[in-house]
């Protein structure tokens, strides 16, 4: 059986997922066969170029024509386009893989998760938190689950970028509340929240985030419109956010995301301290994990490229490092396999919703100036 | 003229300051001459041993006999002993050098600062925030003052230790609210707050901290008493604290301190992002500073041991690294020179008070569960 | 026009090149179209599986049937199989891309280079030194060519692996002089020599290596045969080699390669000091380059993933790191474009020969115990 | 009993040792009492200033008046002044502590070692290789002696400085063969050779260096004379040296030292690979040691500042890092204790001679262009 895939979105994420699908046969031969059937977008000329380049059979300008006509629907559009097509697809019984954050607002995320629930477990509704699929992160999860760090006490998650340091960097949809929902919070924070949930969310580690104090900040209030000299548009989202967390088991944590940290391109860092050990991960050196186990005196820097490390046997011999894009191959492998087997996939829309609840709580906390509880 | 110095406290800090004074003649020949005249403590036998070893002429068991009988009084006792002797000394017109945090509570710090104010500028009242005297920190301040980082937008201060990771690590006065005031907050946080005030507190950088949200956490509620099998005492202070900050100029920041971070012995890290650049410092590699200036693509790792780096010409040729204790020599040089010249010294009791106000605000915020303003 | 490619070898290198060819259309749309026409090997069953997985139309068990029947011939077999098929292909006018080292011995390399010379410039004969195609290495070359490091004085090249640390690690063809020519020297040293030639070989940098002193070492004399309990075979190549170099311009250098350095999986490090600056590169962190320019006080750590960095615009936004395999995509792009345009490609067989001359000189020097001159 | 010490040399090394002696009472209370009795030099005015600052009772301009009039003689003069006063002191039965390298030439070192031998074990003759006294190095030795790295296979020692990068850096005695013996070789190489001998020289590790191939290089042939515009003097020593080594047990190694490596101030690096593990040390981060033990996947970064680490209990709590100068305190403690107890001290003149034999072999090998054996 070949899965016919329809994909909405043909820019950065479209390319990342198309590439991932294209690489499966050579590296994950037990993955289901995939046909990139139709690419969906509005600009017909750009769309047609992209379809050819990304290996799609055809194009469509209305996702309504696609969602019930394919075996799987990928929603890779801007955040404000996540809900409607995803809901329609799920209602049509079509599995959906939706980019993160699940939606611009909690309300929309709620609707999407509810729809996924109704669609049932055999219609996978995945939320594409790709960093769960970094081998070093999976390896970290193994250690955590094996109790190597003991009970979790403190976590830190930071995602630092620099593309808005310059006050004259051009405006984009990512600066607009209507389209993006939020700024660094949704774009970067959703990744960090999901990664922490994935790593320490188990009840015997730290459990859920129970309450938090959040803060949002916009440093540059308006930005120039590209190709339109003199024009500016208002920035209606945050340039940076932070939060303090408290988990179910009493562990504490801090979150931070920013687009104005000079010198940090894509610096997503996770640090975890437990009663027995510690670990550190940084996305800019994603093949490495630093681990301190009970009895150790310092962090051991592990190159997570050995044969028995997660996913690594599919690729190259030890020491031949992987890149960012491999996370997409891994998540596509897992998602499409779930689709082919009619079984659940994680992270799913519930995970997307859970992250959104945290983001929403951060916004509520910021507005009220006080700690808020997660429901 | 020789300054006769009386020192209260003969353990860790007593040794650090005695050593600093002893080293001045060889390395800072223009420092005033100092006589370590009297060492003050309660345990006569331990005191007498310490006095001999640390080079004091005599001992005393009551600081009341000392504070108006010396040219300078060093208060290096536990936090709850900071106020009374310091106030008495200042009232007697004796300059005081007091260890940090200035006091266990804001109220006491207020009294101390008020007394210092009344004593006047020619009676220096110093608060021994030694990390202001790390060459790399002074070098960082130079860069900041020269505008190399532009306007400050984000700061991060973390102080991680691990000596309480083990739930069976013994109880000490540092775990007691009466004696210490607070835990990681006062002990570690006071350093971090002072360092950030020192580095970015100028009006044209970030200015004062205006408001904050704080959080305190105790992971281990009671600890065994050393030498008393089976006995435990309650831990009445925090093992870890965190805070989110907002500065006068709109910059945001985060603070964290902990005594339960496995793998971090004395890891005091400062990170600053401005509109033009970034910098990073870590105490465990205190000879280094990482700097990113406008136009740079990454951090430059600078070994701050060149001849024209702050204080370095007093020591060794480039590349011959300094240690933690050198910060005490530098601060003693500056403080004692100020005493000899009847001029002000910074950090002074006002700085100690300012740090205390931040710590107090963190505690108030933690109690109320909301952001609080600094007065 | 579509280039029909025949490939000898279907293991590690076969997979790396097949993957590279497969990825060209999506990421290098101006690359020539390529048909993976025939995969050549001896074990028909394994070959057939590989062909399917790697996307080849057909298989062949004799390269003689292939070399004049395709537009391009890839020779990815063990070193002792490099000469004969490559020579046959070139004599048939078929461009060849041959894995490194060019040959097990200088004599064979000489024959191959001579054949390539006779075939002429419009029959590209490439030697697949893939590390020339790391973006950070290309970026380093730009800096060197722009004179940022001044005249070169000292270079260091080290390639550390650990897969033979264990004395019971199984014997393979890489331990056999007949098949491999040499051990760490040929396998790792050829990479290092080529990279240094590429980076500093220009006359106004350091020029050619003029003379050297080499040393070879075998720590484990025999190794067990896998799947044959109790059987061992002799190790007839080096486990480690080193060399001291002197370049045309008077610069000095050192080389080292080893398969028994515990903790180093694929650690290829290049360090260069010139009269004005320095740089460092390490393959295990291949997205980074450390650079010190005139006037800098320390190395700047550059993440070479910006849009205008070499090859990067074909891939992902800044900070989305590439992996080891991308070097193969880049070299296939360059090589196949040269084939399509009937123009020269570098590194070519002359470069392969030049590296072999250095390796040969290291062996001669080791035998004689004295410095030897390169011809 | 108080040891009366006479010291020849009052610049960099004079200050380093005087400081070390001054610090003993406070930190090493069981060290013998020391009186800095007489400081020896030629420039009376500078000498007198130095004596006052460094805490000496008196001065002398002729070492002949001193060597048999003190309990201990420190020879801290330039290399060409090492032999005569040291020999005279030993012949007078006065223990000697001599800076490294022991002598400018092997011949002189031979005479010195012979004299020390004749003086007998109760007249300690120490060679001041201070890096043996870095806590992290002592800790490394513990690991090596405990067999944690197994049999040693490969070592690397590099000492990189940058103070002669600039061709206009002024001439000094260190550039003169008569006075210094050699350049980077003697000044830096002697340290590296001694450290490797100390760490792996035991028979069950690697044993002695048996043979080597050496290389010397001078990049800048003449340098300006400070304060004498237009004048230059020839550089008659090496700016950089390198060597390949073979040890008694078959281990191999490489050495390098340079004064023209931009970006490296005092970067002395030791790397060791054994059959079971690896370790790394760098002087610019001298509180750290990186260790990989059997079964580990990567290096563990250890901050060697715990209470039970070598010498650390004399200083500060864990994490309060030491500096370069502390190595001098440790070596003075050990040397002076040996003197007080009439027992041997290591490193002694035999160790100084052994290092000199290696340096001499490197020079001989460089001249002949071939490997040479150590006697």
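Per-chain numbering from 1; labels A, B, C and D assigned in written order.
Just so it is clear, a residue touches a chain if its C-beta (ideal position, glycine included) is under 8 Å from a C-beta of that chain, and two chains touch if they have at least 3 such contacts.
Chain identities (UniProt): A, B, C, D = Gfo/Idh/MocA family protein.
This one's a predicted model, so the numbers in the text were calculated from it and none came from an experiment.
Using the contact threshold fixed earlier, the set of chains in contact with both subunit C and subunit D is A, B. Relative to subunit A, the most remote chain by averaged C-alpha coordinates is D. Distance between chain centres (mean CA atoms), subunit B to subunit C: 55 Å. As a whole-number value, the distance joining the C-alpha centres of subunit A and subunit C reads 36 Å. Subunit A and subunit B have CA centres that are 41 Å apart. Within subunit C, residues 264, 296, 298-299, 303 each touch two or more of the remaining chains. Contact residues on subunit C toward subunit A in their complex (touch as defined above): 12, 15-16, 18-19, 22-23, 25-27, 29, 53-55, 161, 163, 264-267, 283-287, 303, 305, 315-326.
Those residues of subunit A whose C-beta lies close enough to touch subunit D in the complex are 296-303, 306.
Remark: subunit A residues 153-154, 156, 165, 167, 213, 215, 217, 219, 240, 242-244, 246, 250, 252, 254, 256, 258, 260-264, 273-278, 292, 296, 298-299, 368-371 touch subunit B in the complex.
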